[in-house]
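Chains here go by letter, A, B, C and D, matching the order in which they are written, and residues are numbered from 1 within each.
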Amino acid sequence: MSEYIIKNGHVFDPVQGIKGDKKDIAIKDGKIVDKVGSGAKVIDASGKTVMAGAVEIHAHIAGPKVNLGRIYRPEDKLFSCTPTKGMERMGGGASIPTTFKTGYEYAKMGYTTAMEAAMPPMFSRHVHEEIRDTPIIDEGAFPVFGNNWFVLEYLKNHEIENTAAYIAWMLRVTKGYAVKVVNPGGTEAWAWGLNCLSVNDPVPYFDITPAEIVKGLIEANEYLGLPHSMHIHPNNLGNPGCYQTTLDTLALAKGMKANNKFGRETVMHLTHSQFHSYKGTNWGDFESGAKEITDYVNQNKNITIDTGNVTLDETTTMTADGPFEHHLTGLNNLKWANCDVELETAAGVVPYIYSPNISVCAIQWAIGMEIPLMMKDPMRCYITTDHPNAGPFTRYPRVIKWLMSKKARDTQINAFKHKDKVLSQTSIGSIDKELSLYELAQMTRAGPARTLGLANMCGGLKPGMDADVAVYNFNPDKPVANPDDIETAFSRCAYTFKSGVEVVRNGEIVNNGHKRTLWVNVKVNDNPQVMRDINEKFIKYYSMTQNNYEALGHHFVPNPYALEVDATHV
Amino acid sequence: MTKTVTDVICPFCGTLCDDLEVVVSDDGKQLLEVYNACVIGTEKFLHSQAKDRVTRPRLRQADGTWKEISYDEAADYTAQMLAKAKKPLMYGWSSTNCEAQSVGNEIAEISRACCDNTAAVCHGTTLIAVQDIGLPTCTLGEVKNRADRVIFWGCNPAHAHPRHMSRYSIFPRGFFTGKGQMSRKLIVIDPRVTDTAKMADVHLQIEQGKDYELLNALRVALKGEWLPDVVAGIPKEKIREAADMMKSGRFGIIFFGMGVTQSIGKNHNIDEAIAVTKDLNEYTKFSIMPMRGHYNVTGSGEVFAWQFGFPYSVDLTRGFARYNPGDTSSIDLLNRGEVDAMFTIGSDPGAHFPISAVKHIANVPSVCIDPHLTPTSGVSKLHVPVAFNGVETGGNCYRMDNVPIDCRKVVEPPAGMLTDEQFLVMVRDRLKKLKGAA
Amino acid sequence: MAKEITVNLISGRTIQQGVAIEGGKEKPLYRTACGIIEMDNEDLKKLGAWKSTNVRVTSDHGSVIVKAIEATQGPHPGVAFIPMGPWANSVVDPNTYSTGMPTFKGTPVKIEVAINEPILLGIELVQKQCGVKVG
Amino acid sequence: METVTITMKNPPALYLEADNVSPDAFAGKTEAQIAELSVHEGNTTTTLGKYFEVSGNAGATAADTKIIVKGDVKKVKYLGFKMSAGELVIEGSTDLYVGAWMTGGKLLAKGNVEGFAATAMKGGELIIEGNAGNYLGAAYRGDWRGMSGGKILVKGNAGSDVGMYMTGGEMVINGNVDVHLMTHAEGGKTIVKGNASSKVGGQMVDGTIYIFGSIDTMMPGFKPKGEVELEVDGVKATFAHYIGDMGERHKKRKGAIVYANLYKKI
């Protein structure tokens, strides 16, 4: 494999505490190294910004609901499809890009690792087929557990060991990465057209509450010592007043401690926090709860969050929160897709237009800005758009522009039709903070990598780590003349390296890389009861056989990378 | 000695049963018995053993006779045909696996072809309707475990999806449906007294071609509004009765088939049926599901969608993907004389397209990849027989509810025969050379 | 007794059609399964045809010889059924209304008795209509 | 206004996509430059000049440009695609997507046009002297935004799915229309001087339909509301008034539910 030396760039690496110093980054055999030989290819990064490859902690980029979005939104691709070009296959899609386009767009923006945030276990084989066809970036997928019948039945009796054994089995057969929870209990209730809007609403038939599910899954997660913490989309998403449900959910982590060998210090990841930080009682008095949420997270160090920034685009919402999507289609009357998955979960899809002329959308935008700017520890708050829910991931450069420039934010605020309402219902107008490049590297690299349990592998530029490197045409020594220059710089990398391979040069794909599927292989003690339960459920209630359930073999996971966890000692 | 392969997937219809048991000879070369399959599935497995099978490619000669050629020659011919054509149509894909579909898409991309699957003549109009209004649906296990209202609209599973009723929809005892058939009310809407209709609690013998009106009347009845006395041949009292029966369930499902997708109204029939489903979710829980025909037509749509963005009728001729049934759909392309080469795989347009479209296939350079002799192979210039997917080779497929299931290979193909995927790889590699692609 | 009657033709699957397509479309069994028209008893009487009589089915879009049999899933007076396949597709309405989907169900057809005309095998029927030279 | 005349000399073997034939694409170009504009036959890309004889230079802007299309263009698609101003006259019959996504200007088709004419039209005027195909003034697949502005006049008949998802603008069809008129419409107005086939106004949320002739089968979701005297397109007559689609959702305006209106001349 080639050797490279990236010379004279301004390096931002929170892992090593490097804050823009001019430093050379050496690459050999796919890793960052101290030194390379004189034959190494020299990349001139003078006047440029150098960071580790960015890490996406939460996006919907592969699998059945994503593809349902593609299938049912031809208009999302109208006049936007792109031709075959050099290494690149054809692409298309604004809010739900094709798999090829997804891989290219991430790489071009300097992202090298991404997590598919909600994998319905029964559809894991589909998720993996799409991951396989998403070039360059390493990907993992989070199976959903929060409405799974096994979990509901075990946790009703607080059977942590059985829950853990079941999780281990599920991660293995689905080649999954982490424990994802979406609207705990509420999605099972949705199978009867109902919902759980608070952490104490009982789940129909199963006689358990969301609170019990969440606590039990954190315990099981730490019992196993998984790389990532339990990753949650709480109950009551998107409703005025939902911040209280969010605080109730966060409180469930109280006193819980991380237990793992991956350097992760937290036990709960609250995703797309913007959607969970709403005060008010209706859409008329709707206001920001960002302060309440960030105050709590700032004080409680065992929690991490991501933002879920609204980008003010026409996009497509999709979530395993089935009842929410049904609620949403009632609000905007746009086409509604839903799929309930036996014994496991559900999903819904609805197009949505975040119009700058609608006050609610503008306030949502402002809350998404407030959260990262109010968080005191950038290592515990990560930038996402909950792609494609709050906007497509391809808008990250614009979100970065807004976060790095008050001027850019003010320009946007002034462009809102209901500017006064935005200023009265949020505190965005009084926030002067501008994100530094170092904080950006924390929020998009080192932070998410640590929370995912990948701190030794990616998110930094320390020798020994994977050589995932992004070089941006952005000179931190020069004042920013126009905030749009920030957006331009972060849209297309001068260079992206993935595992030591130069994949992007001058914003163009030059190599399709060696994409890996990340999954977590947990060894647990034999648990005959759980195995018997699984067997019985397949015979009686699943519509397919157990022997056909596993995602197995080269077709689904051609290049696996397993993080090994040994939980047999407990 | 024999051995039994379990958990075998049936490569016939969209029900994609995965509980078959197949007995094969010890050397894995002969398939002896098939258990658990329906009569059609059994025939599919057994027919692979036919002694008179064509096992080598054949090229039609000027005098109308076939000449046997090698797979290499067949791949050369196919690649050259695709390279020369200005607007080739690559049609079928529904009776092969996702691996082959994926290679096929690369070929289509390099040759800048139109590509389409059998949804074109099956549930294509369903896809248009889903694009217009969405689709509240579920997996088949949800139906088994929860459904107490089951509606079959313009479909006849007793004939087209023989095990559907016993595995998922009418008879099974699920988690919340412990009494099986007794737990469910069955409504059938069909202009004929089909064998499915004979089992129904309520059969609405609709006037053919009036599905859109009857579905509209159901929506009106759900809202309790004024109705004409008779709609689509059904008195309004019966319509209100059916609407009340649907509303009063705890979990309902509408299955629909070609009775609505192919009758006048087409996509709008489904659009309105989905609207009925959506409306019912104001009162209870309801889902709707197309009864997909070919065992992997759904998979073809999935692969097209994640690679090109559209589920069928994709036009790549301009170098990027476009989609608009009516313009880019196979029947229209053929009837309008828009294409100058025809590539068929995993389907039989010769038997299942209107004859006017088939005549155009016969008039242009054509290749048919199919294990069987078919009307399509009968009008094509080149016939390439291949191994039976799901019998002689495995590969991923998608059930009618989009659940992916990896098919199993149970027996060896006749010596020297290639699979779809193997042959397509040969074509792709040749085409890349011809087109100088990367 | 009418020399010909007009009915509304629909096509669709039958289990016999399913078995036959997997058994081989070159075989006579395919013709037995699909080279038929299922008619309501009333319509057979109107036409003056016995069960199992060969008839000519003609629409604006083509013409085909099939065997008239009594409806297996009737009664459905005024509606006739040919299982999906080349026989049905010789006469169905190819109009897609720009949806891509032909009108496989709901083609008005004329039926006449044609006792002495042969019913072609599936592949043969298509080849003949397409003018394919067969060696 | 400058006039450019393009005359078909070498008709395509397959079909030709000529989305560059619009005042917008021609504006500011000389005869020679216009002949160099790209057109597509299947997967091959060549120049307009290979098929058409071009005479005349375009005006400086689209508004200053008039195009006359002569010769056999029955197998040419996308004439007037996305035009925003100026004029386009097609002397014969032509194929799909005439004036699709047009936002302004005047497009006159003297013969017949095939499907998808005026897809998602936003403004301008389209006159078709012959027959129009299916999906006239409809939305693109999956989109809920059909024709939203402008005027269409069809002197002959129109096909199926006319005005699907229409939200505004006005259409007059002097002849008959096939099935599915203004399905899913949320606004706009269509006048049919001839007969309508069945499935008129299905799933209509808002908007207005006038039918001077007969309707094969009324949708059950349209409820009779008596008779009204109206003057429609210069014709005074008594119309039967229906509101609907009663099965569909409807908006409220000033506290009252707003239905779509269907008027059928008695």
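In this section, a residue touches a chain if its C-beta (ideal position, glycine included) is under 8 Å from a C-beta of that chain, and two chains touch if they have at least 3 such contacts.
All values reported here derive from a predicted model rather than from experimental measurement.
Among the remaining chains, the Cα-based centre furthest from that of subunit A is the centre of C. Taking the mean of all protein Cα atoms as the centre, the chain whose own Cα mean lies nearest is B.
Two chain pairs, A-D and A-B, are compared here, and A-B has more C-beta pairs in contact (counted per touch definition above). The centroid of the Cα atoms in subunit A and the matching centroid in subunit D are 44 Å apart.
Between subunit B and subunit D the centroid-to-centroid distance comes to 34 Å (mean Cα coordinates, whole Å).
Per-chain Cα centroids separate subunit C from subunit D by 39 Å. Contact of a single residue of subunit A with at least two other chains is seen at positions 72-76, 335. The set of subunit B residues that touch two or more partner chains comprises 128, 131-132, 264, 316, 318-319, 323-327. Within subunit C, the positions touching two or more other chains are listed as 97-98. Applying the touch definition to every pair of chains gives A-B, A-D, B-C, B-D, C-D. Interface residues of subunit D, counted against subunit A in their complex, comprise 140-144, 249. The part of subunit A that touches subunit B in the complex is made up of residues 62, 64, 66-68, 70-77, 81-84, 86-87, 89-90, 92-93, 98-100, 122-123, 125-126, 129-130, 133, 190-193, 205, 326, 329, 335-343, 346, 349-350, 540-545, 547-548, 552-553, 555-556. Of all the residues in subunit D, the ones that touch subunit C in their complex are 115-116, 133-135, 159-161, 178-179.
Subunit B makes touch with subunit D in their complex at residues 85-87, 111-113, 128, 131-132, 210, 212-213, 216-220, 222-223, 225-228, 231, 264-265, 268, 271-272, 275, 279, 316-319, 323-327, 336-340. Interface residues of subunit B, counted against subunit A in their complex, comprise 6-7, 9, 18-19, 98-99, 102, 109-110, 127, 130-142, 144-146, 167-168, 174-176, 250-251, 278, 281, 284-285, 287, 301-303, 305-311, 316, 318-324, 395-396, 398, 401-406, 437-438.
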